[in-house]
């Protein structure tokens, strides 16, 4: 199976040849790949080099935490990728729903419905673990529905607001 | 539910009153009993005293390892016990099968079929982990079938011999 | 006065949770003293409950309904027969009324006298007290008591800008505002008072000159009830974020023997000024020219006490207990030698790649770094659930090396070994810090992390990992695809297998 | 001669497994040196494979097909570009031919010269060498070379009974026999020779007087290639079972400063007698009257090296690497100070309640003791499988205290904290030992564990636990009964639930 894997704009063509071999471009690598004690921690010996990483599925992409650095990785199989490209251009991102990353108390809501927001703009402050945490917009957009107000307690993963 | 629990000849009458209470004899105790992270390790808070033990089923009885001491504990529910007693006396122990506690190499077999053996007598030496381990008879008896001989490799839990 | 009998206490109630409760239980156990843990409903499985001899429920998870309920704690003390209380840090540790109530009930409070807590608790009063003892303080308002906005606006220009508005009842950066000029001061005064009022129930504030490029350096002191006071050298705590310490070390690269002796003597003098008994810490700001200023005194055990233990060999908690039992200090000042270098990284459940957002969840896997020169103080273990109710600090990773360089190299090694799965941690932050040339060179102040540090700083060193990350993600994605395909195939025979898919998915969420 | 370039090696192949491989990888990492692990098929998930920069498979699980395959190891060294090899202990560590082959290939062997290994490897030759250097040895046969049974029977009465027959190529108690009188000697000679022949391929033996009530005390030495030799004080290793050390401490309660200096000097002299370079250990027997006798020299890192590290602050493995790189020792004898007391307990996967039978299986849960003064060196973690192929030692628990008493109390605390589920361990043995008055009083010799120690000795202290054990077993049994009942009820609807019963049973097997 052949995959197109992308990290920060850089693409890798990776072909799984068999259980012990992969091809990157035209380069053949010997791989020894194991999960450690049933956890999403993976040990990889690649041509003798020993690596270990925590690999898990993020909101959209795969997240790889390796030697203190975190990578967002998109993995698409070749067919899938080809179909998408043939389909023509980007799929629009649609609405983004901000969910509470943890239970907590809404301290202040800094935006209003219909307002324009920039990527990285603080939308809401949530207090949890004795800390005030700024929740930011992941992209430019227009504020959709705001479902909470200051002083309200929220549950983990409760939808707080939407960006269109 | 009422249990008769025996350790080294000493019996305890323990009644499970509800999730949070037990009766020992006529004494009521408050219990808070939890398994620790899904392991056979149990945390018990008994009238405020915090205890922790590793509890697992042994060959015949329950094994409790608490603060460096191991206890063999027989737990019988009252009805069971009464029936057994009514049935009249001890049930004979039957044949005992000695199984290999680990994979290894039989170094020497020290008994012969039909021979009399005493409790604690060394029957066989098994080499494993660079160590020679003496396997002893758990009780007095007559040797039954001896299924292995010196120089033979054995698997874990393979039956080595029987005592009648 | 507490009687001789009470001083020889046999059972200590630990009025805290987490790593510090475990730390105190360890010290008691090594001294042959019984231990009583208290816990909230969220902490039934916590390590301090598992390790203590006795454990009693206080109430629901929120601190104000459990760990802050002094009435319940005294009930437990009575029920269990505990004759001493160790408050740890935070919660009730610096509450004068709590310490006083212990005294009233004939329970030994393992800490200073209520009067010392009070004297150092009001930051304005503390300044006034140590000024009288000849201790240098940061220039600022010197009057004690309630000053009006008008007073403060009038005095401000004579202190000079930039300056800080600080809450007299303050701590943890709450009610603190930086003022650049007189124009913005009125507004900032109002908001500082509002925050102080809501945080401490006391809107009183004072002014301090803002020392730029300052380092936060503190001295550990120990004092017994016979008037002996010694210091155990300094800790450098300049690596902070939002006024929260993230890393501490001892000794400080910035302090030489002469300055250590001078500051140490001043620290001892500050403690003596409030008749201090037990362990305490004098915090100083030190400017670029090595002028130092008293900042405040923490009248309790500090989070970062282990770095001092590593370089002096003194078990500070054991010493606290000895002092509270009415014994003399085990050491004289001359016997305290600084040996090697120690660093502590606070391991917090927060995501350094996402604005240090706290992270909650069950720790499914954890591998502690061990080996030579490594110590971990923690209250968590695999299977334990990190809840949103308490401080995000889940462990302290402490190393010792013969030199600062060796300690940094050892910390790097230990951070790389430390694996925690189930919650995000700030381990990558510390790893990046250990690779930073400025940190290695000792060139930092209290603003360093916020103003001159970036997680991207040292990233180019590790570009080789990009390809590895791509391969790993691909292999895991491929494995999952294969597995799902298998499950679908198997599922055609057996519907119940869906629960296994569920398990797989839960594991990977 | 190795060239200067080789001496500045950049990548070390660690020809070992388990905790010592991890220990060496840690030292290399802290020195910025690359690491290459080798592993058998049973060790793919082992910690040394996870921690090393590179890892290569050697072969099947049995040692002779993997860790003893020097040809394969040299292949890996070439493939990976490793320019040095650290042998750890056991396996190839004391094989003269292996060290010589490294030299031939231009690979730095992190250890002594082949000639020193050879000189100390033959126990008879070693005795002769040190006798010449004026080192006292246990009275016995002084000739080197093959002695016939007739020779030995003739000499025996002049040595006196009881005496020991020992294999010249010996180690680990193999080919060793205790002889009480001349009558039984002929038979015992035959069986000792047979065992020596089968263990070492060499049936040669020699005689030594059996020192009764002796303590096993050894000195750590370090020697650089410039002729500097120092010792790091002694380790007491008298707590043994079947000639296997179980617990070591430093310093020894039996040795005062004067004797330490005397024995230390003799140890240095012994090392010098064979032109020793790198780390090594001189083992002595010390009798009740403090007479001491050279026993043998171990020409490698010892299992118990951490206790010396804890009391001296010297990182012995880092020092080994420095020496191998052709540097001078970092310390002079004057700079070595013994600070406090350290104890190491070897944690073995064996069942102390069942004749110390080795135990294998998967470690499902593990909680390491941590906190002040505690160090754990281990190669295992939760999820790791203990196989029957290698040594049963799975961890070393090391503590430091200001005094021996504090170290014992701390060890008690640490042993109580240490939880391992999945295999049996000898932790209860160590707990019992820590409670034994004879151990606390320092009244023991090498026969103590076998002859005067019982797991039941201190049991009466803990009778209160009997009732707790009864309650716990009852609660668990009750829970299981309830659960089974539920499963049976649920099962009437859904057969697939049986797999959950299976899981539960597996967990409790």
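Going in written order, the chains are labelled A, B, C and D, and every chain counts its residues from 1.
Going forward, a contact is a pair of C-beta atoms (placed from the backbone, for glycine too) under 8 Å apart; a residue touches a chain by one contact, two chains touch by 3 or more.
Computed from a predicted structure; not experimentally measured.
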item	value
Pair exhibiting more inter-chain C-beta contacts, A-C or B-C	A-C
Chain A and chain B, separation of their C-alpha mean positions in angstrom	51
Centre distance in Å when chain A and chain C are each reduced to the mean of their C-alpha atoms	32
Length of the line joining the C-alpha centres of chain B and chain C, rounded to whole Å	47
Centroid spacing, where centroids are CA-atom means, of chain C and chain D in whole angstrom	39
Chain D: positions in contact with at least two other chains	51, 365, 381-383, 416
Shared interface positions of chain A, touching two or more other chains	36-39
Chains touching one another, given as label pairs in label order	A-C, A-D, B-C, B-D, C-D
In the complex with chain C, residue positions of chain A that touch it	1, 3, 5, 7-8, 10, 12, 14, 16, 22, 24, 29, 31, 33, 36-42, 44, 46, 51, 53-57, 62, 64-71, 73, 75, 77, 101-104, 128-131, 133-134, 136, 156
Chain C to chain B touching residues, read off their complex	36-37, 44-45, 49-57, 79-80, 381-384
Touch list for chain D against partner chain C, complex	22-23, 26-27, 29-32, 51, 306, 309, 313, 315, 339-340, 365, 367-368, 370-378, 381-383, 402, 406, 409-410, 412-413, 416-417, 494-496
Residues of chain A touching chain D in the complex	32, 34, 36-39, 43, 45, 48-50, 52
Complex contacts: residues of chain C adjacent to chain A	349-350, 353, 355, 357-360, 364-365, 388-392, 415-416, 419, 421, 427-428, 431-432, 459, 462, 465-478, 481, 507-509
